[in-house]
Amino acid sequence: MFDYLTFGLLAQLFINGILFGTMYGLAAIGLSLIFGTMRIIFLSQGAVIILMAYCCYWLFTLFKIDPYLSIPIIGLAAMVLGAGIYQGLFRRAVKMEDKNITLLIAVGLMFLIENLMAVMWTPNPRSISTGYTSSSIPVGGLAISFTRLMGFVMAMLSTAGVTLFLKRTLVGKAVRAASEDIEAARLVGISPHWVNTIAFAIGIGLCGIAGIALSTTYPFDPYFGFIFSLKAMIALALGGLGSVFGALLGGIILGTLESWSSFFISGGWADAVSYGVFLLVLLFKPEGLLVRSVKKV
Amino acid sequence: MKSKRIFWWFGLLCSIPIICLVFSNFAMAAGKEILIGAPVHMTGPLAPDGLELKWAYEQAVADWNKKGGIFIKSANKKLPIRLVFADDESEPAKVAGAIEKLIKVDKVDLLLGTHSATMSVPAINTAEKYQMVYHCTTHWPEMFRDQKAKWASVMFFSAVGASEVPFIIWETLLKKEDRPKNVALLMEDSPDGQAFGGGFRSHAKTHGVTFAVDEPWAIGAKDYSSMILKMKAKNVDAILLYGAPTDAITLVRQIKEAKLNVKYMHGWKGTWAVEFAQALGKDANYVICDGFWSEEFPYPLCKELGKRYTDKFKKRSVSIGAFYGTAQVLFMAIERAKSYDKTAVRDALRNAEYKGTVMGDLKFDEIGLALFPSTANQWWDGKQMLFYPPVKGGYQLKLAPEWGKR
Amino acid sequence: MENRLLEIKDLHVSYGSVCALWGVSLHVPEGSIVALVGANGAGKSTLLKTIAGMNRPKNGSILFSGKHITGLTPEAVVNAGIAMVPEGRKLFARLTVKENLELGGYIPRARPFIQKSLEQAYELFPLLKTKSNQIAGSMSGGEQQMLAIARSMMSRPTILMLDEPSLGLSPLVVKMMFELVEELNRKGMTILLVEQNIYQALKISHYAYVIKTGKIVLEGKGEQLLSDPEVQNAYLGTME
Amino acid sequence: MKNLKPITSVVLATLLLGLIPFVSDSEKSYLVYFLFLTFCHIVLTQGWNLVAGYTGQVSLGTHAFFALGAYTTAMIWRADLFSWENYYFDPVTMILSGLVPVIFALAIGIPLLSKLHGDYFALGTLGFGEILKVVCIKGGQFTGGPIGIMLPSSVYTTMRPHYWTALFLAFLATGVVYFMTKSRVGLALVAISEDETAASSSGIYILKYKVLAFAISAFLSGLCGSLYAYYLFQVSPEGFLILRWTLYPVLMCVIGGSGTVVGPILGSLLMTAVFTVTSIYLPGIHPIFSGIIIILVMLFMPNGIIRLWKKGV
């Protein structure tokens, strides 16, 4: 039945899965910070990614700025936007016990962003077409998509950057501490609002990077993003909370899973397989596949 | 105390819309105009199509009103047409609400249809409940027949008929040695994709073609490399695909990245949008798209409609004529019935022929169904060039060379 | 007279409609150990949390070195110089020992001295230095309590509040813990100690308050209370 | 006496609302459709309220149970399961459409609720809905694939049965929530949402009550799905298995005031009115306004309208 299977094909399938999964991974890292510190089910993340993709598109068509050169501009703008979203929308709500409120604010924000984009840029799909769009690099008989490779590199660099920030700087350590136990963090003098603002800024900043990676690889329309919110959530659950690298790896596992299941079963079932695995993980190892259980003190 | 006041304010705010709804049955100036309602997608994922539909309906109304409207016997004069729209939010459950609103709040006389089969089924069901004329396009005749609607009418092509197009093209326009040997069928997991898929499979049998790859295509999937690898492994040289524009763009990009050489790529729905060509640039060349209509059709008004569309949207369309034609046929039916009474208009749309529309001559059967042929166009430098049905002295189909040799 | 470092006047705290503290007044002189003892649910932890800024009092005032700190955020209270070792230690279990300590010095006042404070902490607890890269959650209970105290010392406080430091520890470690508290006090630290282990707490404290259902019912010198028949009957009878 | 007052007023209001189709022509007035929609929303919202408002578990699977109910109705009808003449508003079909979701709720509820807390339960139920969607799209003849199952719309005569059934279901849902909260079960549920460890130590077998609440919620959603299938005459993944059928109830419940009996009713009425009116008067841009309204309400009235009122009294 699978007589056309060769080693090269499998290798290509594997690489594609990894490259594709980093996209989910990027979104999942951002989510792990936001969800980790504030327990917000931030469904508007996909919409923000698309918003950033539109910004990238704008810079490209209006000012002829190459998408990869716009990383610093968009990254910074996204961070400011993230801080603004926290201060404007979530500052009051995170204090409240009821998690539904933050969930609903996120939903409201999603409606708002999606439809604002539809009014501003029309609902027609947009895409960025450059010299390197749909070009690929041949490596030993395999073809590796250039834009996706760049996406992978960007994901790796930003994961490394965020990891360094969280591990090496005092503020980063404070973010990790707050995501573990916000009450204890307050008792050592960590201001939750400051930490949350930073978590949001980085989380949305990563959305900016994901937006650039997306806009160079895919065409997009205002409603394109929701699936990313869902998949990022799954990647996060696979990787486990509280670990940046885990979130990235969760995304890569998800991507590989989808790419293999759509090859061996059929394209339509890929989603069902990934959700099924997600449910199984939640049932049998809810702390995530990659997390060593640390006993709560 | 203060909170209590807020509550009363809130109660007031809450009751205003409800009162609005109750008393919005404003008496219409009956006999002064013909009021036609149309649900369209103004928001949601299908909004791009909805906005074109809206524009085309508005054009048709403006054209008729320029002529003074339509002669109505009971008023003994020409009455102008007025259109009201309702947003169906690209959602089957909401299209029902939109039609309820058009019938009950706006009290429309007749309905023009929304777009896409997913929406048409509940739309027709709802219109049927109120015995309201519902005249639409882009709804599959096979499904329409199943619905046994008494008040709706459809003008479209059948998926079965349209899906024969590629086989006819291969047999009539290509030399024997050029005909594809390993064909891949990629059909979107949607009612439309499934309808087409069934058509392709049955025609493949009669034309002696077997599909090397037959894959359903999940809507919004982002990675097609598995599919492409499968096609590569099976030496596919022709692809028939049905999918949304974003998905089709992604697919072609990934096909190029994977260096899969296909000499004949024929897409439905997703490949005709101008965004497809914009996103792909030169890579869109050689890709074939379907169409409902072409401004190169030898029918009246086609050239002008195409020009108006290009002036407004700065692009060409292969669909706008079908939308315009839908409204045009409804107005012709009112004109023929000399009345906008719904029974009269419905009867005028059954067992009737309408000549000289932008879609050519249309013949409605006893259930209110008219078929027109589907077209095939090839992208060439940003333009969809009509090559099927062949027009004299028109564009000739080109087969795609390898990616490196373009 | 004595210098009242921390003074609490007529404090009322309630959770929703449930009143937890009814007009509590007490004061902690500089350089002393003051113990606050009482049964489970008497309101001891509520009082500490209110001082730390985690609860908002309904009425009354908290003065620190003569300044009002009532209603400040926990961050501001720590920055003012009041450090708290919470009940159950509340370490950052997934962070390393060193990271836990560094975060102890997070507040602006202490941040410039982090390196120095770290050395001092290692000096006081040599064990922590050897385990500095270990994950905090993997240590034993006694070690964790040590870390919790060391972490709060990192903020260079003027007063240290300990909430049930002996909870869940073996008798030998409990003994060590109280010795440690005394040692800290000898080095000049003012300490407010909340304990259920009343005998030990009263033994080391200079002054003590007994709290019952949200009110102070008795107060006096530690040893004095220890020999008070009422205290003996009510609290110590059940103790060894 | 005091306890009877709310019951009698609700019964009276229901009876009065039941008279509306006699006053206002259901075939000509938009009001009847609007109220029908509102009642459907109330049923779903009360169902969600039972799980989230009273046990503190956020379920994002309402649309899955709603769709299961609709599919059950459509399948029974299509397969002519009982060889009856009429499946249109057939009580047995409707009750079965409520029970099938209950089976699924038990199947996923027991493992999910015993293992997961809070956010993971939300994600788990969301995952269940997505799996169901793929299964329905790929289900071939059995589920009708992406087209779904078409029902014979010729049986429709008037909207009155839809209206009355929706009203009855809304009344039923509200009644269920009311009696659940007044009974021992209800007290247990509130205890769960307040403090899980305390509730478990005081001897309440948490899982049983959580699963019970979840199952009743699925039952209500399934009934509502069945009713909506009778309205739309086509059961398709795009019409029923979309997240909106979950987000709307969540929104309406929280805006009205979750964990109360009257809050969800107010929330459903208000939000249905807001969505309808904005859709009519601001076509094309109304989701922007809906988004802004959601955010504003959550920022300034996070505990719901009902609590605003209670504070004032």
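Which chain is which? They are A, B, C and D, in the order written, and residues in each are numbered from 1.
In this text, a residue touches a chain if its C-beta (ideal position, glycine included) is under 8 Å from a C-beta of that chain, and two chains touch if they have at least 3 such contacts.
The shown structure was predicted, so the numbers you read here are calculated from the model rather than taken from an experiment.
*Asks:* How many hops, at fewest, get you from subunit B to subunit D via touching chains?
*Replies:* Between subunit B and subunit D, the shortest chain-hopping route counts 1.
*Asks:* Taking the mean of the C-alpha atoms as each chain's centre, how many Å separate subunit A from subunit D?
*Replies:* Between these chains, centre-to-centre, one finds 32 Å.
*Asks:* What's the distance between the Cα centroids of subunit C and subunit D, rounded to whole Å?
*Replies:* 50
*Asks:* What's the distance between the Cα centroids of subunit B and subunit C, rounded to whole Å?
*Replies:* 73
*Asks:* Quick one: report the Å distance separating subunit A from subunit B, using the average Cα coordinate of each chain.
*Replies:* 35
*Asks:* Multi-chain contacts in subunit D: which residues touch at least two other chains?
*Replies:* Those would be 137-138, 284-285, 287.
*Asks:* What parts of subunit A, by residue number, touch at least two of the other chains?
*Replies:* 115, 268, 271
*Asks:* Name the residues of subunit B that each touch 2 or more other chains.
*Replies:* 43, 189, 216
*Asks:* So which chains actually touch one another? I want all the pairs, not just one.
*Replies:* Listed by label, chains in contact pair as A-B, A-C, A-D, B-D.
*Asks:* Touching residues of subunit B toward subunit A in the complex: what are they?
*Replies:* 43-45, 47-48, 51, 189, 215-218, 220-227, 229-230, 233-234, 245-246, 249-250, 252-254, 256-259, 273, 275, 278-281, 283
*Asks:* Within their complex, state which residues of subunit D touch subunit B.
*Replies:* It comes out as residues 24, 27-31, 33-34, 37, 137-138, 145-147, 150, 152-154, 156, 159, 228, 231-234, 236, 238-240, 242, 244, 266, 269-270, 273-274, 276-277, 279-280, 283-287, 305, 308-309, 311-313.
*Asks:* Tell me, which parts of subunit A touch subunit D in their complex?
*Replies:* 35, 39, 41, 89, 92-93, 96, 98-101, 103-105, 107-116, 119, 230, 233-234, 237, 268-269, 271-272, 275-276, 278-279, 282-283, 286
*Asks:* With touch defined as at the start, can you tell me which subunit B residues reach subunit D in the complex?
*Replies:* Subunit B reaches subunit D through residues 1-7, 10, 14, 17-18, 20-22, 24-25, 42-43, 85-87, 89, 91-93, 96-98, 100-101, 104-105, 117-118, 121-122, 125-126, 128-130, 143, 146-149, 189-191, 193-194, 216.
*Asks:* What does subunit D use to touch subunit A in their complex?
*Replies:* Result: residues 52, 58, 108, 111-112, 115-116, 118-120, 122-124, 126-128, 130-131, 134-135, 137-138, 247, 250-251, 253-255, 258, 284-285, 287-288, 290-295, 298-299, 302-303 of subunit D touch subunit A.
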